[in-house]
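Below is the structure I would like to discuss, written out as C-alpha cells.
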Amino acid sequence: MKLRPEQQAEIDALRSQSFQTRRATVPALEEILYKPLPVLDHGFVRVIDYMGDDSAIVQAARVSYGRGTKRVRQDAGLIRYLMRNWHTTPFEMCEIKYHVKLPIFVARQWIRHRTANVNEYSARYSILDREFYVPAPEHLAAQSKSNRQGRGEVLTGDEAASVMRLLQEDASRAYDHYEDMLNEDTEGNVLDAGRSGLARELARMNLSLNFYTQWYWKVDLHNLMHFLWLRSDDHAQYEIRAYAKTMLQTLKLWLPLTHDAFMDYRIGAKPLSSKGWAVVRKMIAGERVDFKSSGMSRAEWRELKQALNPDDSED
Amino acid sequence: MKLRPEQQAEIDALRSQSFQTRRATVPALEEILYKPLPVLDHGFVRVIDYMGDDSAIVQAARVSYGRGTKRVRQDAGLIRYLMRNWHTTPFEMCEIKYHVKLPIFVARQWIRHRTANVNEYSARYSILDREFYVPAPEHLAAQSKSNRQGRGEVLTGDEAASVMRLLQEDASRAYDHYEDMLNEDTEGNVLDAGRSGLARELARMNLSLNFYTQWYWKVDLHNLMHFLWLRSDDHAQYEIRAYAKTMLQTLKLWLPLTHDAFMDYRIGAKPLSSKGWAVVRKMIAGERVDFKSSGMSRAEWRELKQALNPDDSED
Amino acid sequence: MKLRPEQQAEIDALRSQSFQTRRATVPALEEILYKPLPVLDHGFVRVIDYMGDDSAIVQAARVSYGRGTKRVRQDAGLIRYLMRNWHTTPFEMCEIKYHVKLPIFVARQWIRHRTANVNEYSARYSILDREFYVPAPEHLAAQSKSNRQGRGEVLTGDEAASVMRLLQEDASRAYDHYEDMLNEDTEGNVLDAGRSGLARELARMNLSLNFYTQWYWKVDLHNLMHFLWLRSDDHAQYEIRAYAKTMLQTLKLWLPLTHDAFMDYRIGAKPLSSKGWAVVRKMIAGERVDFKSSGMSRAEWRELKQALNPDDSED
Amino acid sequence: MKLRPEQQAEIDALRSQSFQTRRATVPALEEILYKPLPVLDHGFVRVIDYMGDDSAIVQAARVSYGRGTKRVRQDAGLIRYLMRNWHTTPFEMCEIKYHVKLPIFVARQWIRHRTANVNEYSARYSILDREFYVPAPEHLAAQSKSNRQGRGEVLTGDEAASVMRLLQEDASRAYDHYEDMLNEDTEGNVLDAGRSGLARELARMNLSLNFYTQWYWKVDLHNLMHFLWLRSDDHAQYEIRAYAKTMLQTLKLWLPLTHDAFMDYRIGAKPLSSKGWAVVRKMIAGERVDFKSSGMSRAEWRELKQALNPDDSED
C-alpha cells in the first residue's frame, strides 16, 4: 500500500490535531486513529471515528444517567451476560466509522451487509486509480475438490505463472483502454484534443473486478460483530477475511471487554443442533456413536467430529 | 422535570470530565452534552454522544483522506447541493445518541422509526417511577371537527376540569395498585411479608399509556432529519412534536450548515404534484384557476391555496 | 375471542372466494387462510396472505429460471444445508402477512423486531374496543426469586383474587372514563350534547397497557424465524410466547421442510462457547469436570449442565 | 436477450401451471408472470411472484377484517390521500419478487437500495456466462460538459467505432482468459488435464464490470416505488433507468390505482423549497423576479425556471 504525498499530508494533519471532549474516549484506539492499516497488495482499513467505549454498553443496558459503570469486573460480567444471552440492543449503542480501500469483488460481498452506512467513491463522477489486486503466490489456489465454493491446493509452476501473467496483463490493458476511452489521464489531462471522451459512467465498465474502489463504512457494534463473525470465518473468501482480521484488531483496541466476550461466545463458539446434543450426551455417557447411529447428514457428522477433535488434520 | 440528587450527581460527574481526542469535535454541542433539556411535564432529552460535524459530511461525500474541507463557503454549498438532490448517504456518516424520558403513548409513535438503535428501560426487570403525563390546560383540546386525526378547540370550564381530574385520579390509582400488586414500593421495600408479589412483567400492564418510560436512542443524521421532518410537522401529535422541536435545537448546535439546508429544503419545502405545477404555471401566466378547473381533489386544492397564501388564517 | 357478526361475515366472504393463479400455492395454508386463531383471552392471529413455498427457497438459492426443484429429498437436503450454514438470503424470498390482535404491552415487545412491515390500528383516528387482557389464574405468577426478569410460583388465595379484582376494576374504570372524556361511545353516539369531547389522541392515554390493539404484520421468512426463535423461547414472556407458538403452527402448515430444519438447527439447537467445547471434549475423554475446573461463570455452568441433562428438574 | 432451450422450457412449465387460491389475485399481472421482459442487450426482468393488490393497501390502512374495500372510487381516493400525505406503511403491505439479469455495474448501483431481499448468482460456486453489455450506438455518450456526473452528446465516427471495438475485444479476451484460468468451459469440460484450474472465486476477478450477473430481488411496494422514483429519473444512469422503466410497466399492470397516484404525487411532482415558494408567490402576484432577487443558487434557479417552463429546451 502506497499513499500519495498529499494523502499522507492530509492524514498527518488529522493525526496532529487534538480537541477537548466530554465524550467517552478510548486512548488505545485514538493511537491508531486515521492511520491506514494495510490489507492485501494495495488496500487498507482506517478508523476515522468512533462512538462509545465498553462502559457505554453497560450504560445503555442500564439506561442510566451516568457512566452506568460499577467496577470493571462487574462491567465485564454484564457484557459477557449480554453477549451469551443475545441481548443485542446495548451493543448497538457503539458505532465506528472506517475508510476502506478494497477490490471491487470484495466490495460486492461486503455490501451485502445491509445494516450499515456506506458512501462509495463514485466512478460516475471521478476517475479510478490504476490499482488492481493480484493475489500473492501463496493465495493463488485451485478450486477445492470437496467444496464447490472454496479453494484447494496452491497453484505452482507454469500454471501459476500463466495465471499471474494473465491477471496482470488484462488489468493493465483494461486500464490503458479506460484512459483511452475517457480521453483523459488520472491527472485530468486531455489525451487527444480532437476527441470528446467517453462518459465516465460508461468507461468504467471496462475495468475488471480486481480494481480497487474505496468507501466510508459506518456501522454499529452489533452489526460489526456480525460482519466479523461471518467474514473472519474459514468459509469466507480469503480476501474479505483479510479485512475482517484487521478490523478484529481494531475491535480489540477499542473495546477489550467486548472483544473477549465476542471471542468466547461467537468466534470460538459453534452451535450444536438438537441431534448434535443427543450425540454428545450419549458420548459422555460412554456410548459409542458412529455416523450411522447419529442420524446426522454426512456433512454434519464431519463437522461434529471436527469440533470434538480440532487437532485432527483433515480437509 | 425533576431529577433525584443521585441522578444530578451522575450527570455533573459526566459534565466535569474532559478528555483529549483526535476526533471531530463540536464545542457548541459539548456545551450541553449530558444536560437534560426539559420536554412536557416530566420528560427530557439529553444528548449523550455524537459522531462527526458538518465537515464529516463533506469528507464522506468526497471519500477523502483528510478533512475533505475546502472553505466554509464551499462546504455550505456542497451540503446544500447534497440536500437539494437527495444524496442521502453522506448524511448517514454522522450519528447522535440521546437519552429520552417520554410518555409511553409517545414512545409508541416514536418507535415506528425503525432505522435507529434503541435500548429501553425494562419494566420486566425494574419498577417504573410514579410519573405520568397530564397535558397543560392549553393543550387539552377537543377532537377536531374537520380532521378525524387531529385536535380542535381547547377545552374549558367544567369539561376541562373533569378531564384533568379523571386523568390525574386514574393514573394515581393505577400506580397505587401497581405497587400493591408488586407488593413492593419504588425503593424496593416489601409491603406485606405475607404476600408473594405479582411478577413485574405482569403488574406493569395496569399502568396507563401516559406513564413515562425512558430509552437510549441512537440514530444517523439522515434518519434523524427524517424523524424531525415528520414529527415537527403540524400534523404530528403535539406531544411528540414537543420532543422534535427540542431535538431540532440540538441539530442546530451540532451541525449549523446542515441545519440551514434542512430548514430550507425539507422543513420549509412543500412538494407540488404534477397537477399542482400545471395550476401554478397557469396562475403565473395570469390565468384564473378555481377549484373546478384545477382537476384537484378538495383537500389538495385547499393545501395549494394555503401554500400560496400562508397568511390567510383558516383551519 | 369473539367476533362481531359483521366481522365474521367479512371473513366468511374472503374464505369463500377462489381465484386461478400461476403462483406457488400451499393448499394446507390456504385451508386456514383468513381464519382467526385464538390467542390469550381476546387475541388472535390470522394469516392474510403469503408468498412462496419450500420450493421457492430452493429456486432462489439456485437463481433458477424454473421451479428450481429436483426431488423432494434433494430440496429437503438443500434447505437443511442452507439452515445449518446460516445462508439467510434464500429464506428471505418467502413472505407472510398476519392480522394480529394483541395487548399493548405485547405489541411493545413485538415491535422491537424492526425488519418487518406493520400497520397498526390508529387510536388517534378511531376508538379502541372495550377489550383488555386479564391473565388466566394459572398464569398469574409471582416475581421469580432467581431471575430478576422472570416469573416464579403461581399466585393463589387472597392475593390472586385481589390482583384479579384490581386488574379488572382498573381497566373497566379506565375505559368508562375514556368514553366519558371522548363524550362518545364505541358506536359513535354523543353522550352529552353540551360537551365537546376530548381529542381521541389524548383520551387514549387513560387506557392501560393490557388493552388490545391490532395490526397487520408482514415479514419475510428469515425474520419470521428469528422472531419465533426468540419469542417461543422459555425466557420470553408467556404472553408473547403464546403468539409465537401459534405462529409456529402456521409455519409448519406453510413450509414443512423449512419447519423441520428450523426445529433441529434453531429451536432445538444451543450454542456452545469455546469454553463449553473444551469441557465437552474432556467429558467425552472420561475426565471429570466440575464448576471450578470448567473456567465458566456460574450461570454458564448451570446452563451447560442443563443442556447435558435436560431431564433433571431444577429451576 | 436469448434464452437457452432448457431455460425456455422451465419458464413454459411455470406459465402453464394453474392453482386455486383464496389470496388476492391480479389477472393482468398473472398474464406476464414468469415472462422475461427484455432490457438492454442481454438483460431481462421477470416477475416471479407478488402479494396483494390495490385493495390490500386499503385493507391494511383500515386494519380491516375483510377486503377493506368500499367502492373503487373510494379506494382510489384513499390511495391518493395516503400517497399525498406520505403514509407509507399501508404501501409496505404489498410485495413483489423479480428475477433480473443485469450488468455488474448496474447491480452495484441497484444493491445500494438496502431495504430489499436479494439472492445473487454466486460466481464463487458457479461459472458466469459469456455475456457482457455493450451500449447501443445511440447510448455511447461523451462526458457531459455541465454535469460532472452525467452524459453529453453521443459519440460518432472513429471515436465511437474505437470505443465499441475496445469494449468488445477487452470483454471477449477477459472471458477467454477466465475460462483458461478456470481450465474449464461453461459446460464444465476440463480444458487441459495436466492443470488444476484456478478457484472460481479468484478467476472471476478477471471479468469486467459489463458482464451480466443475475439475482432474485424481492421488495415491498413502498421501497419499490422509492427505487423507481430515484432510478427512473433523468439523473439516473441510462442503463439502470432502462430497468426502472420496464418495472414501472409491471407496477401499472399490478396496481393501477397506486400507479396513478404515484405518477401524480411522486414521478410528476417536484419539491419546492421555502425560497421557491416565496418566488412563486411573488410571480403569481405579478411581480418580476430574476435570479438576483430570488436569493437562490444558480442551479436552483435554473431548476425552478425549468419546472415553470418545461417546454423550453435547454440542457
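Each chain gets a letter, A, B, C and D, in the order it is written, and its residues are counted from 1.
Criterion: a contact is a pair of C-beta atoms (placed from the backbone, for glycine too) under 8 Å apart; a residue touches a chain by one contact, two chains touch by 3 or more.
Computed from a predicted model, the values in this text were never measured in an experiment.
*Asks:* According to the touch definition, list the chains common to the neighbour sets of chain C and chain D.
*Replies:* Under the touch definition, chain C and chain D have A, B as mutual neighbours.
*Asks:* If you tally contacting C-beta pairs, which pair wins, A-D or A-C?
*Replies:* A-D
*Asks:* Return the distance between the CA-based centres of chain A and chain C, expressed in whole Å.
*Replies:* Centre separation, chain A to chain C: 34 Å.
*Asks:* Please work out the Cα centroid separation of chain A and chain D, and write it as a whole number of Å.
*Replies:* Measuring from centre to centre gives 29 Å for this pair.
*Asks:* Of all residues in chain C, which are in touch with two or more distinct other chains?
*Replies:* Those would be 89, 112, 118.
*Asks:* What graph shape do the protein chains here make by touch: line, ring, star, complete or other?
*Replies:* The chain contacts form a complete graph, every chain touching every other.
*Asks:* What residues of chain D sit close enough to touch chain B in their complex?
*Replies:* 77, 80-81, 84-86, 89, 112, 230, 235, 263-265, 267-277, 280-281, 283-284, 286, 297, 299-300, 307-309
*Asks:* Within the complex, which stretch of chain A touches chain D?
*Replies:* It is residues 103-105, 107-108, 111-112, 114-115, 118, 122, 124-125, 133, 135, 140-144, 148-153, 155, 159, 162-163, 166-167, 170-171, 173-174, 177, 180-182, 195-202, 204-210, 237 of chain A that touch chain D.
*Asks:* Could you please specify the touching residues of chain B with respect to chain A in the complex?
*Replies:* 3, 7, 9-11, 13-15, 17-25, 30, 33-34, 49-52, 56, 59-61, 63-67, 89-90, 92-93, 95, 97, 99, 117-121, 214-216, 218, 220
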